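Each structure below appears as structure tokens.
Both complexes below contain chain A, partnered by chain B and then by chain C.
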Partner chain A sequence: MGITVSGISKRFGGFTALGDIDLEAKPGEFLALLGPSGSGKTTLLRIIAGLEFPDAGTVAFDGVDVTNQPITDRGVGFVFQQYALFRHMTVADNVAFGLTVRKKRDRPAKAEIARRVEELLDLVHLKGLGRRYPAQLSGGQRQRVALARALAVEPRILLLDEPFGALDAKVRKDLRRWLRELHDRMGLTSIFVTHDQEEALELADRVVVMDHGKIEQIATPETIYNDPASAFVFDFVGESNRLPISVRGGTAHFGQHPLDLPPHEAADGEATLFFRPHDVEIVDDGAPALPAVVTLARPRGGATRIEASITGREAPLELDYKGDAPPRPGDRIGVRPLRARLFGVQ
Partner chain B sequence: MSAPLASPAHRRATAESPIARIVLITVALAFLGVFLLLPLIAVFAEALQAGVQPFLDAVVEPDAIAAITLTLTVAAISVPLNIVFGIAAAWAITKFDFRGKGFLITLIDLPFSVSPVVAGLIYILLFGANGWFGGWLAAHDLQIVFAVPGIVIATIFVTFPFVARELIPLMQEQGRDDEEAALSLGASGWQTFWHVTLPNIRWGLLYGVLLCNARAMGEFGAVSVVSGHIRGETNTMPLHVEILYNEYNFVAAFAVASLLAGLALVTLVLKSVLEWRFDYHRGGAGH
Partner chain C sequence: MPGFGLTLGFTLFYLSLIVLIPLSTIFIRSVTLGPQHFIDVGFSERAIASYRLSFGAAAAAAAVNSLFGLLIAWVLVRYDFPLKRLVSAMVDLPFALPTAVAGIALTAIYANNGWLGQYLEPAGIKVAYTPLGVVVALVFVGLPFVVRSVEPVLADLGHDVEEAAASLGAGRILTFTRVILPAIGPALLTGFALAFARGVGEYGSVIFIAGNMPYVSEVSPLLIVTQLEQYDYAGATAIASVMLIASFLLLLLINLIQIWSRNRMTA
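Up next, the complex of A and B:
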């Protein structure tokens, strides 16, 4: 089921949570809403769900306007960060809830409900735990119960608010992979909110990066990482170094040092240079590059992570060196960005 | 951590010296003994001073029976009403955002801050013979003050905050997630309340009801103003005690008083049990 969000705005008192948001999720797509806290991502998700109503704009499912429909009628599955399991009910009763509250004529028979619950518990790998209470389960198990409960009413849209936020790293990773499988198998259209860029890049078909109630970029994970549309996205997604520079006569300068940059189209004036730690070449001191002093060098993955300080900048640069003879602390080096982006000063 | 405090090395930074502790505990116990325990014992001692028979006579005497019945009736009406009002107020305050929320919370506290006598006088002013609605009520042959309805209204006023005040922090702490989850699963508002909200607040609610009930049965000031002290008709137990006492009928006064004191003791025991269950549920059902 496709989701179309057009021109959504939402204010809370004097605070603009969302300003004129347009967004589309194609049927079967898995979208991530990524942003820092206060970026409006959760508000947007809650508006799509029908837990919050926009001041302006519309939400449509498969072209049908649902803007004024309450969540009860929208038929979406919603998963909360803190699971929101009914603590006084067994796991089985939790999962069955959406079916048992149906009006008599739509309600499946007791045996049928029990069968569905078994099926769902099996699906979320919790077979045999139906008679436990939520308090007797681990965090990962509780979140899977919450998912089973949401799926029991056969939604075609699944919305998840920081679904892995309260879990530890290992569980989070397993659950992530499993959720993606589930999404594909059930033909759902899913949107999840996260502030964890790794999670968004790994899981989603497309990532929606948000900041201050605006969408900064909507793109595939590859594009988001390799071709960020704004300084914010470059900074927020992946590791990056930022350097204040000035462009004079088509050439970028850091202080008095001209930089040998890949072709760019920056106009003359102040700008910020962004580059990833692995997109650099470390050359000998003296070449037309940024002069820096190595302050730290330690192995990391297949490379050596180097921190180097440069005059005129407080935070050290973070660089990856992939050769066999990494520089040592105290060494003077030249840093030449191979791939970099210039963004005008905001 | 319940490490023994015996060895100085294990003493926590906040622990006082042994002498300070002994002094503090002694002062607290002495105070409680003199001001709370001693009077309680005195009530029972006075009641049974002349033996068991005068005690029983005082309790089963028709006016006493009438007072007990009236007190139970008033509690049976006002407590359920305050359960409904309390839940409604707590629900409105914790689950919705609206203007004037702070004012509503202040209003709920009003009965705690106003003297019960004033509360009683308000109803005399409203419903008394010379009150605002007095003429209309008389014309329709309705009696509120100096009758049971007045006592019920005054009791509701005085006991209103107990349920609401107990539920508001609890429901605030629990947030709206559970209700939103229920709604997202297609439950109606009523189903959500009945299957999700009410079970979540049941221990807190019981606790509030218990305190509300204790106060409803023990209220003196407001009820005294609106009751009119008609023996066998508008006398509740506390008022009956006062009348007997003023008639120098000490044994009977203390006998009925001991019933109220007994009620207080039962309330305390139930309260402790509830607190224990309540904490258990709050602690055990966390994240």
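Up next, the complex of A and C:
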């Protein structure tokens, strides 16, 4: 089922949570809403779910306007960050809840409900735990119960609010992979909210990067990482170094140092230079590059992570060196960005 | 567990000092009556009528408080409004007010020339000097117990549980009966038990509004005081013993129900 969000605005008192948001999820797509806290991502998800209503704009499912429909009628599955399980019910009763609250004529028979619950518990790898209470389960298990409960009503749209936020790293990783499989198998259209970029990049078909109630970029994980549309996206997604520079006569300068940059089309004036730690070449001191002093060097992955301080900038640069003879602390080096982006100062 | 012996020892010592020893004198005193006299006094027609009123009115008042106390707790937890602190403080007033003051105030309002009484009485509803008046007084003194028991649990329940129920297609009524009520049930029961216990023992506010007609609107605590005023200490302790045992058994029962329902949630 496709989701179309157009012109959504939402204010809370004097705070603009969302400003004129347009977004489209194709049927079967898995979208991530990524952003820092306060970026409006959760509000957007809740508006799509029908838990919150916009001040302006519309939400449509498969072209049908659902803007004013409450969540009860929208037929979406919603998974909450803190699971929101019913503590006084067994796992099986939790999963069955959406079926047992149906009106009598739409409600499946008891045996049918029990069968469906078994099926769902099997699907979320919790077979045999139906008689337990939520308090007797681990965090990861609880989140899977919450998912089974949401899926019981056979939604076409699955919305997840920071679904792995409260779990430890190892469990997160397993659940992530498993959720992606589930999404594909059940033919759902899913949107999940996260502030964890790794999660967004690994899981989603497309990532929606948000900041201050605006969408900064909507693109595939590759594009988001390799071709960020704004300074915010470059900074927020992946590791990056940022340098304040000025462009004079088409050439970027850091202080008095001209920089030998790949081609760019920045206008003259103040700008910020972004580059990733692995997109640099470390050259000997004296070459036309940024002069820096190594303060730290330690192995990391297949490379050596180097921190180098640079005059006129407080935070050290973070660089990856892939050769065999990494510089040592105290060495003077030149840093030449191979791939970099310039964003004008707003 | 470290400290178990010491803390349990102290708990038992303290409970003995504060509760058990004073109460045991009641039984020791009533034993001097001899079984036949004990039954004659403790289960006289007048005493039984007073038990019925005391326990019945306390149960009715606790039930009323459970309903409206829940409502008030709900409003205090779920909504923000101006002067909320003030409203919250008002809930506690019955705790602090000398009960006699409450009794006089209620009587003034519900008497046949009082603010409310002058309208209620022509409508055939007599409050002052009837068993109904007893219930009204007990509702007043018992209100804070339910509100303060339910409030923290309701706050802890979280809005997302309600939203989850809604997302699964449950309307408001189903959400309340199937999700919220079972979750706050034990706390509500605690509030009920506290309000009930308070009501059974209430004296000060009741005696003004009840009219204290033997067999009709005379509560057990008043009957006990009446016995004392006639220097019939043994008779007073007989009635007190019956009340004490009945109260203890009822509170024990409520406690057991609570343990049972709480275990289901956290086992």
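Note that in this section the second predicted complex is superposed on the first by the 346 of 346 C-alpha atoms of A that agree within 3 Å, B and C clash if a C-alpha of one lies under 4 Å from a C-alpha of the other, contacts with A are read in each partner's own complex, and residues count from 1 in each chain.
Convention: a residue touches a chain if its C-beta (ideal position, glycine included) is under 8 Å from a C-beta of that chain, and two chains touch if they have at least 3 such contacts.
From a predicted model like this one, the values you see are computed outputs, not experimental measurements.
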Chain A as common anchor, with chain B and chain C clashing or fitting: clash
Touching partner for A:G139 - first (chain B), second (chain C), both, neither: first
First (chain B), second (chain C), both or neither touched by A:P27: neither
Chain B versus chain C as contact partner of A:F86, first or second or both or neither: both
First, second, both or neither for A:A166, with chain B first and chain C second: first
Touched partner set for A:P36, first chain B, second chain C, both or neither: neither
Touching partner for A:G187 - first (chain B), second (chain C), both, neither: neither
Common interface residues of chain A - those touching chain B in one complex and chain C in the other: 49, 51, 70-72, 76-78, 80, 82, 84-88, 97-98, 101-102, 135, 146, 149-150, 152-153
Complex contacts: residues of chain A adjacent to chain B: 49, 51, 70-72, 75-78, 80, 82-88, 97-98, 101-102, 134-135, 139, 146, 149-150, 152-153, 166
In the complex with chain C, residue positions of chain A that touch it: 49, 51, 70-72, 76-78, 80-82, 84-89, 97-98, 101-102, 133, 135-136, 146, 149-150, 152-153
Residue numbers on chain C that touch chain A, as the complex places them: 158, 160-161, 163-171, 174, 178-179, 182-183, 185, 264-267
Complex contacts: residues of chain B adjacent to chain A: 177-178, 180-188, 191, 195-196, 199-200, 284-287
